[in-house]
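All chains are identified by letter, namely A, B, C and D, in their written order; residue positions are counted from 1 within each chain.
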């Protein structure tokens, strides 16, 4: 036995249902099959939901709701809990009326129905989608008390989609073509410029998530998937692709999603998401309730540059590190689950995780990032997250020296 | 069978030819070189009328913002300060962005409703609020668009993280990586405490 | 262009929403974030559901509802569409009252709460769960006209769970222990005997599917996962594990789940699911609506003995075969997606797929199976499935010479 | 990081000791060697009363089945026929299975409600319906359980697919694998046509 005897179990429980008694659910027939033609979680999991923070934005239609990372495990996000980030609310497209126009510097200007797209050759790939503004509220210090809020603008699902290069080949791309404009059919008319090289690499015109059609809030029926790059480029409710020779410098790639540095200049075209990680449990919304002894530290790591090669965990605010265990599939540009198993002696901890990717990049501290980028770059905060664990098992978002 | 996409068939003959008139109705984007600008014209004064009726309720009479809605004007020269204010005039590189964005997204709740003339007028007014256009009689159009230049145009440069942050590609330190014991320097905000306006973080 | 010009697109669509017109969803704000705290599919996907066939069973509480395979793609089944197979309806357990009793030939007889189980070290693995009765209705010939019904007692999700060996190590297994009894808390009190060697191999005491807690109909909060073996052994609503020295020969492993041969003897302990595959599209519920030309034949393959090594497709009822393309992850004892891209000339087809696994097993024809097992073995029908495709693109379940 | 499970920590000290009285309430299983049988007794005639009240509505007065509910008796000697009928008496190997199953699952809708005496009585009656017990005065108990033997006990053998189906491990044929052109020999049933009772497939 590690660290002494096991802690007493969680209190409560209706004795009528506990051994040696026999619960009603062991005696009486439950609901039959196909009553729930489409299933839903147990009512006992009704606390596991996306959440927004009302005061973070002016209106719910241009806002975000966060994935409850602290309540999940493994590398896959279930469809009903994938974060939302809208700029004009959810566009509710009728699939019969869905059209994708592909035009510009192409040999053949084309329009596709959804059936056309679903007829095309496709692939299945799991990728994380992280908004570049994820953790953006944390640049100036520890702000929001929960990994759902500090890191929850991220999800990872198995996409089914047509490689964008296949679609472009149908149109025939002219030699002068260098950039695409992706445009969405929502009320924000979301647009982003996409470099041709990336378009021909691993982008997907995707319509499924974890096997079924995209959810309305995730772009039903079709969105772009731009593996490893900021999720704003993954235009939802995709209605148009224009092939051009210059970037368009539209609002989301100038006013927004550019990274202001201390000297007043700003980086543009900061597409790729740097390697990053976060401990999801323990975390402020997932305190340690079991006391001392065996404790699993669980978290996620990801990199827009490829596969995670390892994750290290620190218990002392970054002074010393130990390698964690990667578990399950390790895909490129996808979430990877890690665990660190610990015999907790009940002393306070300053927990951190640090991702390393296959290119040799090592996740920096927030101080290291701020030294380069200042405090006002808003986006691409991939700094190491610190959780302070008290002897009582409570957890708080902190920064450390 | 994971990773890189396989070679897939091409020349499938899927989709159908898009007629130019079909495309035209959706081809609403404007580029910095002016390609895509609709034909039209509108003055600052005409724009003021539109702005007062359709925009000021959220963006403020002077683009200073109303409530929590975004600011449209101001902040010139603040970008290198502790609290930079990024608006159309202080931060945006190109006026085409403004014309493009207003048409496709504003007013919020009735996007793609402005005529070309209204678009030029209200864009002119927003530029006027930003002291980019100084003369209230100025008439903006597809013909003189190229005269409009914004002060921050030159201050963007492409992603240089692989150079400027090359030091993040490194051997990971495992022991005694930082001096002394860690001290807590900041603690989180309680989520159910609404901060004073302008005090709390926001989502961009 | 293949096979001539592209076929005219699907008719219909409201002109007001089609280019050059601008749809309302591009003008007016949609629903805001977090209104759907837990998401659901588009209303336009309301036809994508589990279905039962009323006359297949006496009551809905001991019955099955089938995964709509023809409506899915990729290797993962979304949680809301995972088939159900109950023997006493859905047990709706209160997690506070959940207990797992582990006793018998062990050093320490233990009881665990759900919090105890969630505290333990865990892994994440995707596995198919196939009921041994899947396709059982098809032994005597082509019966049910749709892959949802012929093959839909299968799903594949990413499980999070504790390796059973970890749980057993907490109790300390005595040297005389050879078998476990797994018992569920539902109204059927489902029991199965599990050999110790398998228990110590890759079984999981699982509580998550695709990241979130199990659905009630899939065993919330805890079920056994027995990779590659028949799903009846994956006891749902797991309440008790007894460690013993002999199999129990309970009802599900004697009256049921034994395979009767022609000579009146029966195989018992037929645990492993043989390699199998099915084309999910085209299929009777997914006819070819696009006419001649480019056509993707899509399907699933799986083996309880390990990873799929390849899948072959036949267009002529098994006379000649061509290798299909495996796509996405190829996990052991999990669903693997395959595609065969075809320039269809519009002539009738007798489509078949044939799975091959890493042990060298090749999926047999139904005739080959019947030659060994007769017509009455009910379970483990992994025979090759034939779909007849007409020139009009209609698809029917058939058998061929 | 996929595939085989890693070595994980053990000796965690999780869970707590289960008291024998706790375990006893859930430890309801019965084994073929009789271990787990509750103490009790009941006669065929006593079982008939219970059966008539609680079981016959679904299983028929003689275990012949009512409506679509399962049959409990009959089919002896039919296992090697074209239409084998598998019941307690014709197919099951052990009587322990019957006693175990009736207690944990029946009557359907009120499982685990029978007392030990009622359990022996109704089990005896089901065995009587199957001509396994011939004397209606017979009293079944934990003491004489071992005298009950079922006719099909010897006819089960463990999975031999790796030997009996060894020919499925083979080089896959790719061309001319079957003679001539394929002919359709059967077509599917329409799903919305309810078959005559006993005619259509069922789920087991």
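Convention: contacts are C-beta pairs under 8 Å (C-beta built on N, C-alpha and C of every residue); 3 or more make two chains touch, one makes a residue touch a chain.
Predicted, not measured: the structure shown is a model, and the values here were computed from it.
Asker: Minimal path length between subunit B and subunit C through chains that touch?
Answerer: When the steps are counted carefully, the minimum from subunit B to subunit C is 1.
Asker: How far is the middle of subunit A from the middle of subunit B, if each middle is the mean of its Cα atoms, in Å?
Answerer: 23
Asker: If you average the CA atoms of subunit A and of subunit C, how far apart do the two points sit, in angstrom?
Answerer: The computed centroid separation for subunit A versus subunit C comes out at 27 Å.
Asker: Between subunit A and subunit D, what's the gap in Å when you average each chain's C-alpha atoms?
Answerer: Distance between chain centres: 48 Å.
Asker: Where in subunit C do residues touch at least two different other chains?
Answerer: Only 9, 18-19, 26-29, 59, 61, 63-64, 88, 101, 111, 116, 119-121, 123, 125, 187, 189, 239, 294, 327-329, 331, 341 qualify.
Asker: Do you know which subunit B residues sit against two or more other chains?
Answerer: Within subunit B, the residues that touch at least two other chains are 2, 6, 8-9, 11-16, 18, 22-23, 26, 108-109, 111-112.
Asker: When you draw the chains as points and link the ones that touch, which shape shows up: line, ring, star, complete, or other?
Answerer: other
Asker: Which chains are in touch, pair by pair?
Answerer: A-B, A-C, A-D, B-C, C-D
Asker: With touch defined as at the start, can you tell me which subunit C residues reach subunit A in the complex?
Answerer: Contact set of subunit C toward subunit A: 9-10, 12-14, 17-19, 23, 25-42, 44-46, 48-52, 59-61, 63-65, 71-82, 84-86, 88-97, 99, 101, 111, 113, 115-116, 119-126, 158-160, 185-187, 189, 208-213, 215-218, 220-221, 237, 239, 289-290, 294-296, 327-329, 331, 337, 339, 341.
Asker: Enumerate the contact residues on subunit B facing subunit A in the complex.
Answerer: Touch residues, subunit B against subunit A: 2-6, 8-18, 20, 22-23, 26-33, 58, 67-70, 79-80, 82, 84, 86, 88, 91-94, 96-97, 100-101, 104-105, 108-109, 111-112, 155-161, 164-165, 168-178, 180-191, 194-195, 200-204.
Asker: Okay, in this complex, where on subunit D does subunit A touch?
Answerer: 1-2, 6, 8-9, 11-16, 18, 21-26, 108-113
Asker: Show which residues of subunit C lie in contact with subunit D when the two form their complex.
Answerer: Residue positions touching the partner: 53-59, 61-64, 87-88, 101-103, 108-112, 116, 119-121, 123, 125, 133, 136-138, 140-146, 149, 163, 165-166, 169-170, 181, 183, 187-189, 191, 202, 239-240, 242, 244, 246, 248-251, 254-256, 258, 260, 262-272, 274, 284, 312, 316-322, 331-332, 350, 354, 356, 359-364, 368, 372, 375-376, 378-379, 388, 396-401.
Asker: Please give the residue numbers of subunit C that touch subunit B in the complex, ascending.
Answerer: Those in contact with subunit B are residues 1-6, 8-9, 18-22, 26-29, 293-294, 325-330, 336, 341.
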